[in-house]
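We call the chains A, B, C and D, going by the order they appear; numbering starts again at 1 in every chain.
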Amino acid sequence: MAFQQRRRVQFSETDAAGIVHFANYFRYFEDAEHALWREAGLSIHPAQSAIGWPRVSASCDYHRALRFEQEFDVSVQIREISRRTITYEGTIASHGEHVATATWKIACVTKLPDGTMKSADVPHEIAKRLKPL
Amino acid sequence: MAFQQRRRVQFSETDAAGIVHFANYFRYFEDAEHALWREAGLSIHPAQSAIGWPRVSASCDYHRALRFEQEFDVSVQIREISRRTITYEGTIASHGEHVATATWKIACVTKLPDGTMKSADVPHEIAKRLKPL
Amino acid sequence: MAFQQRRRVQFSETDAAGIVHFANYFRYFEDAEHALWREAGLSIHPAQSAIGWPRVSASCDYHRALRFEQEFDVSVQIREISRRTITYEGTIASHGEHVATATWKIACVTKLPDGTMKSADVPHEIAKRLKPL
Amino acid sequence: MAFQQRRRVQFSETDAAGIVHFANYFRYFEDAEHALWREAGLSIHPAQSAIGWPRVSASCDYHRALRFEQEFDVSVQIREISRRTITYEGTIASHGEHVATATWKIACVTKLPDGTMKSADVPHEIAKRLKPL
């Protein structure tokens, strides 16, 4: 699956260098990832769910800056679904120029009563709906 | 009770106007509030707690801007503990100048199994420890 | 002028209580405020602008919690434009229920070469375009 | 150079999964990076500076979750200073356990009058003070 969404830089996302703070790119990609799940008829964090999806890794290459009120497109696609993890690729572009490229991996976990998490298999129903391109 | 902590403006807290984004002042005050609870031997959000403390209201007057790496002091004190709420007052100062003044109120709630919240009395043990000046 | 926008709670906006962190409501209102300016053909922070609009005060009353993926509407309107300030009122509603009510004031300032700010009159052209209802 | 700082998880840094939101780790590392510059007698973003240091890339591996009020140590060191970039490595640990490992690279740029940025050499004085271990 793949998903793309257009958004606009909000003031609180910028920093004193006058551009979007680099950590906010990870939120942009995560927002698009969760929209992709909704597009597949799923929620990544339903109320009272017994499983969760913590990040295993996340990386981003920054090619260009984004400024206040600039419009941009966030694209995300699933690169791989393994037994216990899902790996995504994402890009941000604005007015035909590459802004950022990212890749990140989430792991399926069961939440134990004491609050800790234990690695678990990606549920079949979820893997089927998110099937990579 | 009252509590004061010194901190320094971090880069991610600034915005494109070159100053701390106004919404971050509410985090500064909340961080000091939670430190006050720790000082009183309490945690405002212990693991698996049956009660919670959502905000009822929050307001802040901004007198001066804060810039990257500027040091400042956040002071918070409890103004009133009513049967079901706690009201705080806070100030931020830097190098002898008033930066901001705030007041906010939290309510004690019980968390119901379906995730909703129901107003509850402030536990006696907590009221005793947080007793206003 | 008035403006309304629909949005959806993003995961990074929630906190460990399972609801939107209270400080993020101020971002929701600010985003809608800036969209109102764009609707009026203006930008509140154009590149290399000689003036700025820091917050003078901001307050919010919280009536209900917002949860991950919940949809809600943010409404903002201009209540008053004085010689040097603009005062807004805003509300957040979701599925027919009141979620929050806010009011905040911004001041027009001139940016001095040393980075400090000096109170200034609201430019006539801006006041005309933003004229309160 | 290397630098380590102890901090505590703040409530606004957590998300609805009950743990620190993954994007906030990048802020933790950046805060420690800037503290390292101060330790070296430098500021990464002095007022009216003609140069800036945007991110070229950032990546983080997440080994364990952090929870509200948990104490942890952020360590950062400079791995390499090339002609135009600086590369860092960082780790987060808590109570003797690995929490996260990160690496990121910043580039030196000159700010042009129109707001765009142009790659520039790392000033000699800065390279000397930040000299990697």
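Convention: a residue touches a chain if its C-beta (ideal position, glycine included) is under 8 Å from a C-beta of that chain, and two chains touch if they have at least 3 such contacts.
All values derive from a computational prediction rather than experimental measurement.
Student: So, comparing C-alpha centroids, which chain is the farthest one from chain C?
Tutor: D
Student: Going by residue numbers, if over half of the contact pairs line up, that's a repeat, so tell me which of B-C, A-D or B-D repeats A-C.
Tutor: Answer for the repeat of A-C: B-D.
Student: On a C-alpha centroid basis, what's the spacing between chain B and chain C, in Å?
Tutor: Distance between chain centres: 22 Å.
Student: Averaging only over C-alpha atoms, locate the centres of chain B and chain D and give their separation in whole Å.
Tutor: Averaging C-alpha atoms per chain gives centres 27 Å apart.
Student: Report, in whole Å, the distance between the mean C-alpha point of chain A and the mean C-alpha point of chain B.
Tutor: Roughly 31 Å, centre to centre.
Student: What positions in chain B touch 2 or more of the other chains?
Tutor: 11-12, 16, 18-19, 23, 27, 30, 45, 47, 67-68, 115
Student: Can you check the complex and tell me which residues of chain A touch chain B?
Tutor: It comes out as residues 11-12, 14-16, 18-19, 21, 23, 47-48, 67-68, 115.
Student: For the complex, give me every residue of chain A touching chain D.
Tutor: Residues of chain A touching chain D: 16-19, 22-24, 26-27, 30, 45, 52, 54-62, 65, 67, 115, 117.
Student: Please output the residues of chain B touching chain D within their complex, sorted ascending.
Tutor: 10-12, 27, 30-31, 34, 38, 43-45, 47, 67-69
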